[in-house]
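The block underneath contains the structure these notes are about, expressed in structure tokens.
Note that the chains take the letters A, B, C and D in the order they are written out, and that residue 1 is the start of every chain.
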């Protein structure tokens, strides 16, 4: 234990000037996004999807096909980057990076342990949702700028859906915030770790146990934010052939493609932090030094669990029509989340 | 909210399929490493047994795609018995089947009265240039080794399996 | 075999098919002398040939009187024997028969099929009653000089596409059709492909590989030139 | 392409202008969108020009002919055995089912009847091609509506049926096995036992589709009440097969007017109908039909009589003069051949009545007021095959 303590002390003593610190942090996030997207893409889109369809998935690239997404990335990079003649050039070029920017900003606030977080904001959750609504603008830009009827229809559908599902996502989280008493993500993790169920502090109080309605709504809203089946309308490949991404190719399509998986990773991380107790493990106190190593591993495992749930829905269900998914959001998810908030509030006061 | 079981059963099916694929292997065959054995009667490629062919041109005439090209000439064969007249026989100069046109319907194999054409389930004869798909009579002769024996028939059938001249 | 009332059946089965005879009688009672020909193939089908003017009337009667609600198909037959023959044996026969100038054989007389018919183009339609199981094949002659007939679209909505195809393939105009445009062929296609005198070009371009024969003995010597083996 | 004449240019501009004002009070501008000819929802090259007001379709006009191969003209220059190789390429999913009506029409004209064993095996292969065809429909239904996994299950279980067809006939997709007066060959040893196993797998596939699709609430909300076709409208458009049975019309050619060459009266089976007439009904009826087909095959396999496989037929087939129309209940609907023969080697005229031509002709009627995703649902549930439309 002692070397660990001294190692932590050295780390604490390392106090670089401000600009170097932000550069390191930006570098960390820039490296983190492609790797997490690659891992998620490989594991779920190639491997798990194939197993569910009684086949083995790619086997040739890398050991048992694990480097397939790298091969795809390389393929996209060397592909010609076509911009349609009548497209609005600047907006067309900028769109994928706006969508990716919202994912970059979300990674900033995800805690892997008490100190392993790029920026421990006090308004953590509030910041996350403020930033994640940026992607709507990127999608609309892509849909409109491609000067293609299919992509226009895709872009408008995406705009309607993303905005409609932002509300239930935020309201679902309000329950958690009431119970945790703070907006800070690390605070929420600590609250879950130290809480106890009717006096028994054994496994702490992961909010999924009390907020299972909130978890369900959050999962549905995340499915819609990622435009995945059953809320697949913006990229309905059997109607409007991958919606707003129709005209993109080469590096820009790669940014969309990886962006989608990076966003999936980000939202899965937030769901893990809010509902499954984030990086904390029940039998270990929140501030022990073990979390320098254990935190990321535990968080990664929980993220894998949540993203398995997300992709499992994607591989099984057909898609809802856009007016049906709107009524599902406005008429069912939002009232349910309001009731959930009311119940949490009342119980919080009573208990 | 509609009743839930429908949605949950769907998830159960895909999860069950995933477990089944992981435990007792996928349904798919990893082609270049393992190869699936086609049925003995599969119509892969046509094989020519040149000795039986008497250049009667029936297959070339019956082919709907016009893809069999035959050239033959007559010659005087030595008489069977030493005193007899020399007999006139047909010698095959060219017997090409253009597999880029052929639709594998099997009319030529069926209409050949002298049992010269056979089906072989071989399917790996793709070429880089489409002109190479025109198989001449040597190539068709080589396919003869890949022709499997005719299978015995199901009980209750009055057909007798034919012999493949080796 | 002109427009006689041909009810002769193949010699084998001579039993009369009363249900189908009844259908012919009902048509006669309804349309009177507009029914110019009828033919019954026992146990198989009944043909009724009506006059060109009573074509839509016959359809309306079939639908309302005989409850034939199901519109099966509508097409036409060009009875002119094809001047090009089969492009296969015709070449071989002609060469074997000695005239090698390759000119198409002169067209023989027009012989119509079941229920007679005396013009080159004959319209053909079939309707069926799912409730009673009766089916009737209606025919109508269309004279060469005035290739037009009443459209069935007011009676059967399904006839729309079939009539567009028949107009495009045979050149028969349908009076009262909402929109006679090409359905299969490109916009500027000239000619009517399914007419017998429309050449099938695919067979003109490539010589028929079956035409070859075994060459006679080299040098032509020896007894009997190239007798068949 | 040929240069567009200026008359057409004017027509195009006028059409665009007409698009302009569709919704007067909302001051919105209409949009003409082309679904096809290169589109995932059309099985092949069908193009639908849809004029939209927002996402709702004002008018949809299918344009076919991209795959017109001119079969009726080709059939006039081919001998009878050659025509069978031609016509099993019309509905290429259930291709043995295309050959049967033509062969039965020729047998009707020649007055020949196939021996009982040949009729049995012909009916078994007919039902096997129905299973191969409709099981792909069930998979494709999932793909059109977003559930990719069902498509893979369909291809996986369809493979066993295709292997059985290949083991007996030699060709997976184009068996070319039916001859006038019987069949080309008999069944290989062990085929019957293997087919029973394949039927078991088909039934398990049907249960999976039931759980994954038909029972799924999202699927039901997407298909119930969409593209409703009442019975009398369907009949007047000539819809046949599962499309008309889903609108409550209890009519099946296999039971009502079965031609003499098939043995459906030897088997007890049930015709499934559904009163609603919407996309859900059509999918549901087809699912029951696949189950029924696998039961029919099981019963027929157990009762195959012995005997010859081919009747006495001259080597060179010249069909006597006459006309005949024979139609059978193909996987897509009623498919029939009107064969006119003048007594020589070649049929004089063959009118091919294909099911999808009529099934698709109802789209302008049914597409009014649908959303674009609903048009894809209706297209998927009507289930046409391009070769069948364009011939």
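Keep in mind that, in the parts below, a contact is a pair of C-beta atoms (placed from the backbone, for glycine too) under 8 Å apart; a residue touches a chain by one contact, two chains touch by 3 or more.
Since this is a predicted model, take the numbers as computed values, not measurements.
Chain pairs B-D and A-B differ in how many C-beta pairs are in contact, and the one with more is B-D.
Comparing mean CA positions across the assembly, the chain most remote from subunit A is C. Of all chains displayed, D has the C-alpha centre closest to the centre of the whole protein C-alpha set. Centroids built from CA atoms put subunit D at 28 Å from subunit B. A separation of 55 Å divides the Cα centre of subunit A from that of subunit B. Averaging C-alpha coordinates per chain places the centre of subunit A 45 Å away from that of subunit D.
Between subunit B and subunit C the centroid-to-centroid distance comes to 38 Å (mean Cα coordinates, whole Å).
Residues of subunit D in contact with two or more other chains: 149, 153, 156, 212, 216, 218, 221. Multi-chain contact residues, meaning those touching two or more other chains, occur in subunit B at positions 7, 10, 13-14, 17, 27, 62. Residues of subunit A in contact with two or more other chains: 52-55, 315-317.
Here, these are the chain pairs in contact: A-B, A-D, B-C, B-D, C-D. Across the complex, subunit A meets subunit D through its residues 52-55, 149-150, 153, 229-230, 232-233, 236-241, 315-324. Residue ranges of subunit D in contact with subunit A, taken from their complex: 31, 33, 39-41, 55, 142-149, 152-153, 156, 212-213, 216, 218-219, 221-222, 371-374, 376.
On the side of subunit C, the complex with subunit B involves touching residues 88, 206, 208-210, 212-218, 222, 226-227, 229. Against subunit D, the residues of subunit C that register as touching in their complex are 10, 12, 41, 44-45, 47, 69-73, 75, 77-78, 81-82, 86-89, 111, 113-114, 124, 126, 130, 133, 135, 137, 156-158, 160-162, 169, 182-186, 188, 193-194, 196, 198, 200, 203. Interface residues of subunit B, counted against subunit C in their complex, comprise 54-55, 57, 60-63, 66-76, 88-90.
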